[in-house]
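Both complexes below contain chain A, partnered by chain B and then by chain C.
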Partner chain A sequence: MKKLICVLLVFGLVLPLSAQEATTNWSLGVAGNYTAFGDGYIPKVAEYKYYKDGFFPEMKFNWNRYNGMNKIQLNGAYYNPKEMLFGGDFRLGKSVLADVSYKSFYRNTQLDLLENISARESLNREGTAPGGKILSHEIQNPNEQLGYQRQEIEANLKFLLPGDKITLRASHRTIMEDGKMQHVQNMHCASCHLVSRPLDVKNKTQSLTAGLDAALGVADLSYEVNVRKFISDAGPYSAYYDSAGHPGRGYIWTDPNTGATSNYYVEFGSRLVYHGEDVAIAAYPETNKLSHKITAKSNIGKGRLLLQYQNTTLTNDAQLADPNVTITGDLKVTANNLNGNYSTPLMENTKLILAGKYRRLENEDLSIDNPDWRDNRPGGDIDLDYIRYSSLTRTDLEGSAKVIYQPKRSYRLTALLGFNSVERDNFPIEGANFKTDKTMFELGVRYRPTGKFTGDLKYGLENIDNPFSPVDQMFEMYGRGTLMPTTGAPNVYYWQRDDLRYGNISNMPAMVHNIKATVKVQPNKKVKLDVGLNLKKGSNDTQKELDFQQTTMAPNLGLTLIPNDKVNFFANYTYVKQTQNGLAAVALMDG
Partner chain B sequence: MHFGSIYGEFDYESTSSVLYAGLNFKVNPKLKLWLQGNYSKSEAAFSKVGMDMDLPGVDEALEIIEASDYDYSGIPQYSDLSYGYMNFNARAEYKLSDKLLFNVDFSYYDLTSDETWVYGDESGSFTVFRTGFTLIK
Partner chain C sequence: MTTKSLMLRFLLALTVFGFGIMLTSPVFATGDEKAKKIGDSECVDCHEDIAASFAQNVHKIYGDDAGFLCESCHGPGSVHAEEEDATLIFNPKRDFNSAKKSICLDCHNGSQFESAFGTAHHEAANGCSDCHTVHSTAEHLLSKPANQLCQDCHTDVKAQFMLPSHHPVEEGMMTCQDCHEVHGGDNKYAMSSDSRELCLTCHAAKEGPFVFEHDPVNEDCAICHSPHGTTANNLLSQSEPALCMSCHPMHFHTTLTAMEGTFQAPLFPNDPNRGGTTTLDGFKKGMLTKCTQCHNAIHGSDVPSQGIGSSALTR
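Entry: the complex of A and B
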């Protein structure tokens, strides 16, 4: 708020306006509002409402001053201590343009009661009593108000240099979020226990942009640099994680038949990264982004060409607080984007638009050093260190050609042919290069015989080769007698089950048909009718176990009536229905 | 200990309707009225999940596994969603003079949740009543 007031004062001092030619108008509104919440549940129905009921004063104002090309516009509205907005627009001749704004609102968030996560193993191994594996939960401070205030300050400045060819621009944006959110801690081993607790939210995002636009006659060139930073001032937080133990027998157990003693604290503990200790939770990243963007526009032949290149680097500078795991490498993503389009007349009444995009994303490989699994145990000391090869690393290619034919004002035909190819370097494993290719075709027609009627019909077809899917995840093969304990180990362990998995089941279609139809009728200035229908059918019959089908239907209807200058009626109805099928799969196992 | 997998196909259906309407009425040169309302109804549900127990090896597995229950027909009810949301706004503005307006506003919000799930029963409502003056130059 202080920053906003300072900016407003600065612009007030540097923008003198001539009193003789200036016009000023303003409005000031004061009000009071009384909010009453019912007895029911509030966070959902009042998700974006300040959570206190009672009386609140309100204020609104507008102040505008114009003098030829110069102007100052100030406006604001105050509803309650968490909801308000203020802004200002300034113009000095044709050279200086500026605007500044402050917005604030409150968002209520909900508490997951965790009551749907409640289960127990039905019988023990002998089948004589309820099993010991239990899922449970607890909610700490259930009456704590959850939600956050979001404040945003934005300022933009444009300065046209003498000569009217070069424009300098700068902008700043700050977003702050303060409040409390639910955090759920998932305790592993023995208890399978969830603990919910409210934790602070103190997020801050700051973005600074500077740019230069040059109209050089031959071409228009732009350069822009952006720096963006995110940090959280909440915490640090930690929570206690239960010690490892047997869910039915506890930490140490003696077999009544054989007299043998099992130390589950040591055995199960040797399979965990941490247990019986405080561990850091709810850690936020500290991200820094730097991007450079160059844009060029020029007339080439009879058409207009636009080319744009952007380089972005994103790093996470937060330190991992876990002393048991060591991560080596840079938490860094690099992106290079190149896109362009060329629009040109092809022949009489026909226009061609070519578009292309190339994007390369690279997420650095990371070395993850874990404690040895079952350290110092028989058949243990297994090294589970690995290198994280990111599935974000990919190449994305896109291209399209669109032809628009309009011989008369009353109708227009369009045709589009396009493709998109996404290649994920390291999915599902390093160097696997999972590739999805999409081909698109679209036909459209617009009929507008007069200004009173407009009809649009569009048909689209997509053919997707190798839709994205999890790989070797859906099912398990018969494993009895196939899986063997590792050398020296007494048993087969759960992590070995991944060797049994197979099945690439996707809920992404391989073929999509899409039809869109809209009709707008306006027989006179008093009546307007809009009718639309969107139909979409997706399918994927390339999977043996699932013939995937997805259907979407979305009609809409709009009506506006203005019988005279006193009455204005409008109504709109939208309906969406989507159906699709899927698979549920479970493993048959006896523990 | 592992006998493979059983699986079954299910359907998922979601629907959403939204109706929005408004009326602006200038009663006379001094009095204006606004009425607006919107109603939305959203539902989603899974069909029953029936596992295919005729897959190869299932009978042998069920004989060996001591305790098992592969009846998942009750699962869909955990994911049923049904919401009805209504909002109504009414405003009257009276021109006391060329420079002074008086306004009265009333708003009502209501959400009805017919299926409780993760957050419990989310049904609730609230009202807002507002009066004020606006000075104009």
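Entry: the complex of A and C
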């Protein structure tokens, strides 16, 4: 249907353009490259460079035809069989506007070699040689080219109804990813063996949007509905996870003298969710998203008001089940957003812009029924079932006021004061609200006496209370309690120590200063000089002893020379230096 | 000198500098109030070069102010024509005032332009003419190809696109407008939607909702990724495992003795089989390991991992 609409549109445009006097412009560029690595090995030399031995012609073209209010523009570029883009823009009178585009490129990922994965914990029983948890590894297809072809088709259509008040619009977008990815199958706890193999990537995201814009005089209204579907056609894949063995031996041991089998299988198997069985791996669920958006704009007083409401539901409709863990509940996210802004003259040469935003996100709770810890073992039978509360469930509030003062042509002052708060429900545990508050301030000045000189200076400050932190991950909180083995258990287990990890140490800044300065000098139409400096510093004074800091320094110098209409020389030097004095969490326990 | 004191001095200097400039600044040219309309033909007499390129201009094609098209934007031009003085006519490029409504928005009041009336990106530029050459026939009347135009001002971003991992903007497969509403947008950095929402528009496989989640994915993609370009793979702001270790401890097998020298597990100080053999070499190798090799479902998963608790995101 979409193809038919495009074809009809092209014919509809060609006819009037042919019948009347029209202007046609076109350009064509042809080049090529020859690549020879010779040995057939295709290295990852760059993220988007596709290399294959051989000669590859390249072509670029642009063709457009105008006739009054009708237009066809076609353009495209072909670089190699995996990298190309084509597009067209169409206009038919005042009523129809359309565009269609296709692009395709290859993205190299990489092969993760596994040689560096190593874990050794103990010597052998005699203490003479390394033993214990030695991870072994296997790459099943080391020469596989890992990456994916990404193709995107997009089409947009606008139709202005007679009367020029109402516009109907529709758009479609499909993104396809097709290739191979590396999948490392992790059986660390069972057999200490890693297997890497290439699996297919076959992702498809389809999005359809329909909308209506109405200019009603007193107000402009628009409504938009969007449907998005994500599916993966790869697989299904499964993998066998070995039976549990002793960490020191790595296998189920049979005493050569007595023939007795160790109880390691039971002991360590009882700590695992599954072992000695095939389970599904690398599956993406099918997700569906539906959103409605209503926008209203109107002149209120001397200013202009914009209000927007959006409702979105996102569902996981093909949740992959696992027989060992029972999950109860719907995988569904609901979002309700309300945005607004009001822009009005405050006094002569002064404008005030107020903006506000409210958003409520709710991700439904799930019940996760895990196997018991060390079921039927001494100190075991511990119920590890839990309710999964999502950190996505939250309320966001945002507001800002901005004043622009420009009394004269050459001079402008801007000031902004704003806040943003994110209140997460039940994060990380039920009832534990974790709230981040941000206050923002900005002050800027522009000096532009003539078109030949423009100078800008801007300072921004962000003050953040409780920046996001993975609350229970980083360090044990000092003095949080003394651990004792659970009844009947010989040791304190590592998951008990995990429970102590509760501290809101963050690797995010609590205060950010940003200074930006730019100067543009253009003495005449043939010469232009740009000089700029961007300085940014983030720190976290609430945890001074950890000395967290982020800095960015980016000076810039640019020169443009245009000696005539046909020659344009541009040189630019930009230096970006970013540093972070961050934190690294360390292991604190024995296994 | 404290940071607060430095800030106060800076703000004071900025204010004094600002008022100093204001006192010496020229006022706006808004055209002569006595002027009358003279019609396009009079304008063309002097501005032949502009008229030539204007013939196929979209304003010429769509303009419904036939015969007086020039003055529909520039205002009545009789005094300017008589005196031949450029300051006696309104020039939207020269006389742009960001405290007032742009004259372009009188007609371009559709949804995307409307938001420009009240957003930072609009005020940062010097009006529409900073990017658009209004009399030309170029695509969208842009003075340069779109990406190049953006990068003229956002030079630090331009540099980031040169880094080994980047979105394919330099390759011509993306434009800045794919993520940014250049005419406004109600979000920070003029993004067309909330940053997380925006990333997941194209990367829908990472959105879920999943049973087992990774909190930063729920929070903001920019906690781990830097969208314009990075030296680490996959647009990660740091290489693994350093990035992961800024929140999570490395597995204890590899790091224990590296921190303290020869290690004896505290619960078994006299048992040579329970410690003492993890080597510094192990820690070094650990630093060469990527966490996502095993935790490959890092953005979320519906199926449990092997260890009890199920949430290690390994399947």
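Methods note: the second predicted complex is superposed on the first by the 481 of 591 C-alpha atoms of A that agree within 3 Å, B and C clash if a C-alpha of one lies under 4 Å from a C-alpha of the other, contacts with A are read in each partner's own complex, and residues count from 1 in each chain.
Keep this in mind: contacts are C-beta pairs under 8 Å (C-beta built on N, C-alpha and C of every residue); 3 or more make two chains touch, one makes a residue touch a chain.
Everything numeric in this text was worked out from a predicted model, so none of it was measured.
Looking at the overlay, what does A:Leu583 touch: chain B (first), chain C (second), both, or neither?
After superposition on chain A, A:Leu583 lies in contact with both partners, chain B and chain C.
Contact-wise, after the overlay, does A:Asn324 reach chain B, chain C, both or neither (first, second, both, neither)?
A:Asn324: touches chain C, not chain B.
Would you check which partner chain A:His172 touches, where first means chain B only, second means chain C only, and both and neither mean what they say?
Neither: A:His172 stays clear of chain B and chain C.
Contact-wise, after the overlay, does A:Asp112 reach chain B, chain C, both or neither (first, second, both, neither)?
After superposition on chain A, A:Asp112 lies in contact with both partners, chain B and chain C.
Looking at A:Ser410 after the superposition, I want to know if it touches chain B, chain C, both of them or none. Which is it: first, second, both, neither?
In the superposition, A:Ser410 touches chain C alone.
Tell me which of chain B and chain C touches more residues of chain A.
C
For A:Val492, select first, second, both or neither according to whether it touches chain B, chain C, the two together, or no partner.
Touch status of A:Val492: both partners.
Go through the superposed model and pick first if A:Thr574 touches only chain B, second if only chain C, both, or neither.
both
So in the superposed three-chain picture, is A:Arg360 touching just chain B, just chain C, both, or none of them (first/second/both/neither)?
A:Arg360: touches no partner chain.
Just checking: does A:Ala46 make contact with chain B only, chain C only, both, or neither of them? Give me first, second, both or neither.
both
Residue overlap on chain A between the chain B contact set and the chain C contact set?
Residues common to the chain A contacts of chain C and of chain B are 46, 110, 112, 116, 122-123, 125, 127, 474, 492, 572, 574-576, 580, 582-591, listed in rising order.
Which part of chain C faces chain A closely enough to touch in the complex?
Against chain A, chain C makes touches at 7, 10-11, 14, 17-18, 21-22, 25-29, 56, 61-62, 93-95, 97-100, 109-111, 114-115, 117-120, 123-124, 126, 139, 152-153, 155-156, 158-160, 164-166, 168, 171-173, 186, 194, 201-202, 204-205, 207-213, 215-216, 218-220, 223, 233, 238, 242, 245-256, 259, 265-268, 272-279, 281-282, 285-286, 288-290, 293-296, 302-310, 314-315.
Under the definition above, what is the set of chain B residues touching chain A in their complex?
Its residues touching chain A are 1-27, 49, 51, 57-58, 61-62, 64-70, 72, 75, 78, 85, 103, 105, 109-111, 113, 117-137.
Name, in rising order, each residue of chain A that touches chain B in their complex.
Residues of chain A touching chain B: 24-38, 40-46, 49, 53, 58, 60, 110-113, 115-116, 122-123, 125, 127, 474-480, 483, 492, 497, 500, 545-546, 565-591.
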